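Here the chain labels run A, B and C in written order, and each chain numbers its own residues starting at 1.
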Amino acid sequence: MRREGRSRWWIAAVLVALGIAGCGSDSEGGGGARTLNWYVFNEPGGAYEQAVKTCNESARGRYRINYVRLPTDANQQRELIVRRLAAKDSDIDIIGMDVIWTAEFAEAGWIKPWTGARQRAARAGRLAGPLKTVEYDGRTWAAPFTTNTQLLWFNKDKVPTPPAGITWDELIDRAAKAGTGIEVQGNQYEGLTVWVNALIAGAGGEIVGEQGQDRVGPTAETAARIVHKLATSRAAPPGLATNKEDEARLGFESGRSSYQINYTFIYASAAELPGGFQKKIGWARYPRTVADRPSRPPIGGINLGVGAYSKNPDLAFDAAQCLARPENQLVASEKGGLPPTTEAVYDDPKLQKAFPFADLLRESIEAGAPRPVTPAYSDISLAIQRTFHPPDEIDPDEVVSKLRERIEKAGEGKIF
Amino acid sequence: MSERRRSERRLAWMLCAPAVIAMLIVTGYPIGYAVWLSLQDYDLRFPDDREFVGLSNYADVLTSSIWWGDVWNTTIITVASVSIELVLGMAIALIMHRAIFGRGAVRASVLIPYGIVTVVAAFGWRYAFDPASGFVQNLPLISDTAAPLTERGGSLAVIVLTEVWKTTPFMALLLLAGLALVPDELHEAAKVDGAGPVQRFFRITLPLMKPAILVALLFRTLDAFRVFDTVYIQTAGANGTETVSILGYQVLINRVNLGVGSAVSVLIFLAVILIATFFVRGLGASTARQRGEAA
Amino acid sequence: MLRSSREAALWSIGILVVLLYALIPVLWILSLSLKPADQLGDRRFVPQEFSFENYETIFNTETFTRALVNSVGIAGLATLISILLAAMAAYALARLDFAGKALILSGALAVAMFPPISIVGSLFNIWREVGLYDTWPGLIIPYMTFTLPLAIYTLSAFFREIPWELEQAAQVDGATPFQAFRKVIVPLAAPGVFTSAILVFIFAWNDFIFANTLTSTDEARTVPAALAFFTGGSQFEQPIGAISAASIVVTIPIIVMVLIFQRRIVAGLTAGAVKG
């Protein structure tokens, strides 16, 4: 009897202690402000830090955003976030989502939809390309924040005539003739899917519909012929099959290749190179797949979603909305080289200064082809990567049947 | 007497119980749970579709060309690295066994690869062969633009090299312990009979070391079959280097498909048991024969 | 002993080859870690200039410093627990006579052969339900799958070498059982326990697959997993210099331990396998 009484006291004491500790951690950081964790890739230019600071100040103590950095590699970012969301982690309030995650996260119930006034605010003034990446099943699942696209960059010292409106075929022939390379992302990872998707869209094709239904057609063969042609031509850089964005940038900077297909970050990072290298960089729109159709450049970027298990979803929506505001987009483009999703920001003189190619950028994003919007996206992407890698061993005649078979298996959750 | 033996036995079991129970819980429970998961259609992205599907996940894995391709890749890596290690490890063991001086230096230096974190070793070799920053292509006789990690043969070679570098020391130490069990008198006697060093190695040393060699091979084969860290860091399974462990990781962790992924896990477990049984049979046979000869 | 200077030269070459073999990759990473950022691509084995900027970077990065603390803590606790449990079992295996000895030893061997990929999926699913995901215990428990068998093997091999009669002799000389244990057995057993602990620690320190799948933040991520998650100068840049510097930091303590205790480590590594 007495013993039981004593143990009750102990339990009560522990509970009180836990309660105090719990309150303590809740009220941490600026007098009663709720902490909201924002999971997003590390932006070393300081743009995200500044956006967080601006929003924390304007929140006047209602919330405090905590910027949690994810790794460089997009596959790793997704793996980490997916594992935590599958573990129903309530620490995840705001997610800096790669544009390709929307359907998967929405279908699994890991993010909350944006509705009513919030939805209108999230969509207001945004470019059409980025908007498509936040839609799934007729609803809006995130606020477009930054976007991205690839341009055809060239070394003006070595390329006398700008390759405007050029097709991939002509580009490869031209580079091979001049004895120089074309840097592009040929590693077996998401970057390869980006390339293949842009090629297929550029020929007017599609890979899958929203429900994952197979739409693979002869355009996949056209894409495979281009990838294979480059990989087996003299214009292929030595590490094509392992090239990611950064290897491509280094190959271009070293002078090995006079052309590269890459995102806008390469322009900002060239500013630090000796010899005024940045001034030598020329740009043109993404190459065409076929001569009679304008190209469909890839669309990347980050959307802001709200975690389904967040303890403070209302505050998280407010904070995400604040982070995605045009002034923060401008900071992201100035400091991080990340293009904005709000159309009006492109007219800002500061942006024109950060991106001398701002008009081409807007044009590319407007014409851009999003990657397939389907909950099985990561499987589809894996199927594309397996089918198109290694680039020099693709058999274009078999690509359509192989890709079809893999996509079908991916849709059934099988091994492919 | 029997009372004492009984109490001794009870004490022994009490002392062993915590460790035994801990081992059973940390391995037995998860593997049993994996079997249970492998019988379900269970994808964390579609949690509502969870249902019991019997053996169909196994049928899916066993009929896919990816699985068999990965088994083949794993086998190539295992056989290549273990056989190179055996030869190299034997050479190092002989140097250490016969060395007149510098024994300590050799022993210390071979332990270094053994102590290094596998991930670090994998990065080290990956960077060494990187076409943009590696020193290997800068060496004479090697093509300036060689990029082994961009194609299958080269990638497999670098993976095997990393595995061999890292684990040969372990092989060498096990073999050295086996060498120490070979009596010197036999060598002396054979020398008197006029046998050369090569003959003595193949006629005396090798047969007597057979159990030690089999133990070393068993350890390393099972270890190599599980290869994950090196492949994950160096190619992540690209260029046709995907191993069964990488496939398991990809299905379980990247695709969060716990049903199919668990089927892959259980199949890998069964493969390991199969290999172990094979070696233990061989080992039992060889030790039995030796005992028979000795008797 | 030296039969000829030719033989001595041959041995020297053999030893030199082994030394080079063991050290080249380590020296290469050391070289990378000391190169300034703009010379990382110079492909030279020896840096032209030395710089500690990569070391400064990693020690100012929370991802790395937290991972280092996690690695030391998790590997240390896993070692402690498995040595405690294994020491009891190893004592029984070495000293007491009972049926089932062979069963326990072969069972431990079987567990040591266990492929980690076979259980990461289950553990992930169980851990996320019970809240052990991304925690220290969430890694320490699966580490038992390889630390326990290894500890049992090496410890029972060491314990078999201990002259236990001395304990009785001390008791005959008037020492209490506890005194006999503390003054006689503990000093005899300590070196073996210590060596086993080092071996177990190296194994736990090396783990990548559990750390990579069962953690997701700085809370519990260990260095090998953190290395794979380092972030570069921009969204797309690869942090070669930082990874190399971090690699050297986690390698040095192990090399120092291995060099100091090499003789005993060799004994521990081989004893279990050959006698078992």
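Assume a residue touches a chain if its C-beta (ideal position, glycine included) is under 8 Å from a C-beta of that chain, and two chains touch if they have at least 3 such contacts.
Owing to the predicted nature of the structure, the values given are computational and were not obtained by experimental measurement.
The touch graph of these protein chains is complete, with an edge between every pair of chains.
By number of C-beta pairs in contact, B-C leads over the other of A-B and B-C. Using the mean of the Cα atoms as each chain's centre, the chain most removed from chain C is A.
With centres taken as mean Cα positions, chain B sits 39 Å from chain A.
The distance from the centre of chain B to the centre of chain C, with each centre set as the mean of the Cα atoms, comes to 17 Å.
In chain B, the residues that reach two or more other chains under the touch definition are 132, 253. Each of the following residues of chain A touches two or more other chains: 83, 86, 247, 250, 254. For chain C, residues touching at least two other chains, in rising order: 41, 124, 213, 228.
Against chain B, in their complex, chain C makes its touches with residues 1-2, 8, 11-12, 14-15, 18-19, 21-23, 25-26, 28-29, 32, 40-45, 85-86, 88-89, 91-93, 96-100, 104, 107-108, 110-111, 113-126, 141-142, 144-145, 148-149, 152, 202, 205-206, 208-209, 212-213, 223-224, 227-228, 240, 243-244, 247, 250-251, 254-255, 257-259, 262-263, 265-266, 269-271, 273-274. Every residue of chain B that touches chain A in the complex is listed here, in rising order: 41, 43-47, 60-61, 64, 66-67, 131-132, 145-147, 149-152, 236-240, 247, 250-251, 253-257, 259-260, 264.
Here chain C touches chain A in the complex through residues 41, 63, 124, 127-128, 133-134, 213, 216-217, 228-239, going by the rule given at the top. Against chain C, in their complex, chain B makes its touches with residues 5, 8-9, 11-13, 15-16, 18-20, 22-23, 26-27, 29-31, 33-34, 37, 92, 95, 99-102, 104-121, 123-125, 127-128, 132-135, 137-138, 165, 169-170, 173-174, 176-178, 181, 212, 215-216, 219, 222, 225-226, 228-229, 232-233, 244-245, 248-249, 252-253, 258, 261-262, 265-266, 268-269, 272, 276.
Residue ranges on chain A touching chain B, taken from their complex, read 75, 78-79, 82-83, 86, 104, 107-109, 187-189, 238-242, 247, 250-251, 254, 375, 378-379, 382, 389-390, 409, 413-416.
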